[in-house]
Amino acid sequence: MSELKQEYKPLIVAFCCNWCSYAGADLAGSNRLAYPADVKIIRVPCSCRVNPMFILRAFQRGADGVILCGCHPGDCHYTTGNYYTRRRMSMLFSMLDYLGIERERTRVEWVSAAEGAKFAATMNDFAKKVASLGPNKRLEDLRCKP
Amino acid sequence: MKVTYFPGCTLKNKARDLDEYARKSAEALGITLEEPETWQCCGGVFTTANDEVATKLSSVRLLKAAAEAGQPLVTVCSACHNVVKQTNYAMANDPTFADRVNRYMAEKTLYTGDTKVYHYLELLRDVVGFENLAKAVKKPLTGKKIGAYYGCLLLRPGKVMGMDDPENPRIIEDLIRALGGEVVTYARRNECCGGYVSAESPALAKKNSNLIAENAASAGAELLVTACPLCKYNLEKNGSSVPVVYFTELLAEALGLKEDAND
Amino acid sequence: MQRIGVFVCWCGSNIAGTVDVHAVAEALKNESGVVFSTDYQYMCSQAGQDIIKNAIAEHKLTGIVVCSCSPRMHEATFRKTAAAAGLNPYMVEIANIREQCSWVHKDMLSGTEKAVILGRAAIAKVHLNAPLTPGQSPVAKRALVIGGGIAGIQTALDIADAGFPVDIVETKPTIGGKMAQLDKTFPTLDCAACILTPKMVDAAQNELIKIYSYSEVSQVSGYVGNFDVTIKRRARYVKEDLCTGCGLCTEKCPQKKVPNEFNLGMDNRRAIYIPFAQAVPKIATIDPDYCTMLKTGKCGICSKVCTAGAIDYTAKDEYITEKYGAIVVATGYNPISMEKFDEFAYSQSKDVITSLEFERLTNAAGPTAGKLLRPSDGEHPHKIVFVQCVGSRCDSCAEKGKEYCSKICCMYTAKHAMLTRDKYPDTEVYVFYIDVRTPGKAFDEFYRRAVEEYGVHYVKGMVGKVVPQGKKLMVQASDLIDGKQLHIDADLVVLAAAIEPDKSARPLATMLTASMDTNDFFTEAHPKLRPVESPTAGVFLSGACQGPKDIPETVSQASAAAAKVIGLLCKDHLTGNPCVASANEMLCSGCSQCANVCPYGAITYSEKEFRMPNRTTLMRRVASVNPAVCQGCGACTVACPSGAMDLNGFKNNQIMAEVDAICRN
Amino acid sequence: MTNEQLKQEILRISNVNVTKCMKCGKCTASCPAYDEMEYHPHQFVSMVNNGDIQPLLNSESIYRCLSCFACMERCPRGVEPAKLVEAVRLMAVRKQGANRMKAEDVPCMLDENTPGQLLVSAFRKYSK
Amino acid sequence: MQTVNTQTLIERASALLKDGTVSAVLGWKRGEFDYDMTPAVFTTEEELSAGFVYNDFCGANLSKYLLKKTREIQGKILVFLKPCDTYSFNQLLTEHRIHRENAYVIGVPCNGMADIHSIRKITGEGIARVELTDSGLLVHTLYDDAPVAVSYEDAMADRCKTCKSKKHVAYDELLGEEGDVLDSHRFDEVAKLEAMTPDERFAFWQGELSRCIRCNACRDVCPACTCEKCVFDNPDSGVENKAPGGDFEEKMFHIIRAFHVAGRCTDCGECSRVCPQDIPLHLLNRKFISDINKTYGEYQAGETADQRPPLVNFTQNDPEPSDVVKGGHDHA
């Protein structure tokens, strides 16, 4: 498959909470709102299920950008999950920035089940930003490459 | 407080009263009006077309001068205010337009709509405060039944002008109250007098002006106040049964600054 | 090692149009553990499900991956299919190659490539899936209805009718809601009070229904079948069990200048009051904002005249906590404020009124005893202008009003116009409309009668300005059919104000963790197929809290919500979601980080004895999760540094396997 | 120019989204210059949408609009009819020699109280 | 130079052993080198007088050892805790890792501990012997005939130069004089890094972390790292990994470790003290502490024994991640 890749295509992992953002992504689909195929979505029950280890793992295995989407603060299906997400990711992203990793490679975005358009727009924008940064050399673990 | 003051062309000519009393009152209220050494006419009307650049440059230069002086910009005439404020809004919110203007002017520094633009009325409300103003009143307008006449330019487009509720404005009413007068509200106070169309269609201006004057009179107004020389002209020319004065004149009178005040 | 079957759905051309489904099935054949891979036109059809069932039997599959539409659509379907074939339903994973692939990517090559990757991720996850068995939790056989309007009353009556106890919480001193304020109801013109008050009385007399009036919900915890709700009973300063509703106090109260909210402030009531004659419960309430006794300590007249001794100036707010199996939201609507629409001069003239005010003006129990009189001078209006769509159907960039159609205005305006012409044939009636929307049984016929039989002037156009002048309201409007600007000297202008959800809905939604749309209407679980359920299990929607509704629609939805509640309360136990957290005791340090973040209090700790390698024992504090209480958010799994806490169905290693599979390229 | 080109030009100058219009007529109901106009604000929106620009260009209506923005302010859909009127007027007066008002017209308009503002405004509106 | 001497501590410990208040004493004893004082358990007066030491090389934080020792030893354990160690002690209580009734805490004052990394920076490698005198340290190296004199101030560990507190936040009794919480400048280094460009920061950390040999000393000594089994040792965790992989593998370990202790780390600095490669690991922890303080309000882990750590807490008005990360400087 790799020989097909002429131009640089970023690899983007999107973690989406089941109740809002995953449904928002489905709505983007129902409304046929296009975004790059580079975005691959992983469903989690709540944004607070996303362990920083998953994000680092994605980078370690070659992801160029990781985005985490959840319900808007105050609208969490589990009441408070995204509040913890907000603190955890603020701290984690700040640490990655501190280590010299481009802050544009990580993002948290709140997308409700009704915001299919926002989902698509967010993914388009994020994919564009990540693509402009180029491959994630800094966090990529060469040892794990085939 | 020091502010950049833009009187505009009409205030140098037919509407000297509007200007003179604005200056006197500001002085009494501790506000220094600094008129830029050079300025050009605002153009009288804002061209809503977003491909028009040249007609908006005089306003941008003025706004930029205020920005360089680090002062807010204060206008008195409704038309000037509308043009300057709409231009400033476009500079702040329409990057394409701002870019074209900045390129056209080719000056060292760019202008992106940062100047705070006050109408003199807003200055009274937001900076002086109507409560403080009421305390400074020497000759309250007790017993005078006064109606505010806003016209169109002061309030609309509401989103841009942001002065007051465009359908139910209160700022001049609050001023009248602060000056001790009795407020008469009437629905046509935000309807257009006919504006510049009176040059071509005096009949239209006459009809509109009459409707406004009648509405004010039937509500019991004995005096109308306005901020616009053209409103005053149209109402008076078409025989308004209610006399029309500039708000600055009323202000100066209440502050005891009007020399010929006979009471 | 799992034996995995892969089933790629075409979804007709929905998937197959952008994804080469054969290629996907072929590519996934090569994945480790995959022993069978195929594609089919409609996997969710009976024939498609049979393919899955047969493959499970034939290839002894231990796990299956369906590459199809969103799991939100058919995960449950395929789990049932697997179960029918003897496979644990939680051994099913869905790769969403429709909503998140074929529908959003236009290019066959990249769509197919992505579908393969999504399939691989699902396969990687299934490898680590384990059979799960849902737990069970008991159901508290009592329902709570929040809001006592016609929606709440109907829901409560239907639930009680099925034999379940139900409580109504209403913020006002009486139930009845908006319908109690209405005069007649369209399209049959029966009197609102005549059809509503019997229902109010039924509710009050039903032994299974308890009404908490002048009360509000202040706290909600728990989950479907087991909600714990704290209800704040506001101090009404009148003992409910003693007050007989005789009304003597309301006659003697010297504070006469209290705006009467029931008549929308068009007349006054006393500081101690009963909202209206048919109020339920018929109990007086003291308004603490106006009561002289409560404010200054000097008066006490109501206490003196009350022979029942029901007045209690020392009353305090009380809080009670109840357990409920189901909660129905029926918080209703309000007309929007007319503040931003003063081109219609609502703030300038008493004779510019809203339609709800018009209802009170024509209601026999209203401020004018049902005579249509102008609020300004009490004179009979001879020319009335109705304005439709005030604040409805506004674009967001207009920065005022609502984007939606308020739905009820066309019909009630036709009703108002018709009734006016019927009672006062000398009155000219104009209705300015943008569209007349009458999709309901006998609705359009009703509107046509207003035009044809009653001679109401329907004008296609809008009012631009209302100018009060003298005793008249000069209405400036457009008539788009005749191409005219109209100037009407009206005596009364009636505005069909847009309706919006009650302000209490937003904080309530937060308490219930129920979702809302941008207009603060509650969101239904599915707009077509589950219209009376909230996405939050155990929370149901009744009436206008979910969207604008007229009475017939509200009542049908109220009964539908009741049916759903009855279905829930009939069960002795609920089968839970097995995707809950659990703690590995061998790894757990008992540090309590997890309990800090659990929103349900599902985690408890105990000292447990562990046998050590050297044959000694050790007492150690460890966490355990109550699977009936846990809702499976996973917050605890991240708070846990050792990884002792994990989430079934979304285990750490499962998600990481998905990450790895996606990044493997 | 074809109708479609004219339409696109008007939309470009005005930056108005005519498709937002729900044809309620509130703009026209608000217009203080209604009696003097042949085409009314809602017709500007509709005719621009239909590419029917030529009749507007030829109509006196474009010189009767007071630019009082009442139609813009009251439109429930955020359509801005006044901007369309202005765009059509500009399209007309930007043509060589198409100035509506000329300097020699001024003296007969004047009286002793005519404010400068009136002339400046009228010139800006009617001429290029 | 420490103000309380070894003998005072031995006498007090002996008395408590003798009257049965405690059944064992957790303290320090001389290790292989002069500068190597290791934690040790003493159960008799004899053991104490033979081996117990308290001097400028007793940097080791004994609080974590309580976890293992209270499980092994019946009865109360006397533990000597310096001010910063008491914060760790409280944090362990917060997390129910130790029981208050199993420990008898004697607070000992601390004037800042000497650190062999700091001394080596002055004297170079090959330190054979260190003498502690009233006026300073005399360091004998393999290469110099005369000992090198190093002042106590210069010999002090970096973490002690920016000491956050001389005050004990938990104790049963105190020896010597109690101090105050200090207005330290412990975040200056973090701020310096924050002010760098991303490339400079990346280069800095790559330089530091690439030296890591994954000995796990930082984790093993950390009083916040008390998991029964660490994720990095657990084959089922999916992140198990012992040996150093690529350079990023190392960062992942250190990022995760810092994240796991974020909000719980008391900033005792043990990680950096024990690092054989002298990697300033505390700068990772301090970044989190500094971010937490700036974003969610001042928080000192272990200040009391009943706090809710900031990462298992929230307010509805917390800033968004994009605003928090924007806070520093720009990626230009």
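The first chain written gets the first letter, and so on, giving A, B, C, D and E; residue counts start at 1 in each chain.
Simple rule for what comes next: a residue touches a chain if its C-beta (ideal position, glycine included) is under 8 Å from a C-beta of that chain, and two chains touch if they have at least 3 such contacts.
Given the structure is predicted, the values throughout are model-derived calculations rather than measurements.
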item: Chain hops separating chain D from chain C, counting only touching neighbours; value: 1
item: Neighbouring chains common to chain D and chain E, by label; value: C
item: Greatest separation from chain E - chain, by CA centre; value: D
item: Contact-richer chain pair [C-E vs B-D]; value: B-D
item: Rounded Å distance between chain A and chain E, as computed from the means of their C-alpha atoms; value: 36
item: Centroid distance [mean C-alpha coordinates] between chain C and chain A, Å; value: 31
item: Averaged-CA centre spacing for the pair chain D and chain A, given as whole angstrom; value: 49
item: Gap in Å, rounded to a whole number, between the CA centres of chain E and chain B; value: 69
item: Residues of chain D engaged with two or more neighbouring chains; value: 35, 70, 74
item: Per-residue multi-chain contacts in chain B, two or more chains; value: 167, 191
item: Touching two or more other chains - residues of chain E; value: 231, 238-239, 311-313
item: Chain-to-chain touches, reported pairwise for every pair that qualifies; value: A-C, A-E, B-C, B-D, C-D, C-E
item: In the complex, chain C residues that touch chain A; value: 70-73, 96, 98-101, 103-107, 109-111, 113-114, 117-118, 121, 510, 513, 515-518, 523, 535-536, 579, 597, 599, 631-635, 637-639, 647, 650, 652, 655-656, 658-660, 662-665
item: Chain D partner contacts - residues on chain C that touch it in the complex; value: 343, 389, 393-399, 401, 434, 460-465, 476-480, 483, 485
item: Contact footprint of chain A on chain E as seen in their complex; value: 193-194, 198-206, 231, 238-239, 245-246, 248-249, 251-252, 255-256, 258-259, 262, 284, 287-288, 291-292, 295-296, 310-316, 318-322, 324-325, 327-328, 331
item: Contacting residues of chain D [partner chain C, same complex]; value: 20, 22-31, 34-35, 40, 42, 70, 74-79
item: Touching residues (chain side chain A, partner chain C) in the complex; value: 1-2, 4, 11, 13, 18-20, 22-23, 25-30, 32-37, 40-46, 48-54, 57-58, 61-63, 71, 74-81, 84, 88, 112-114, 120
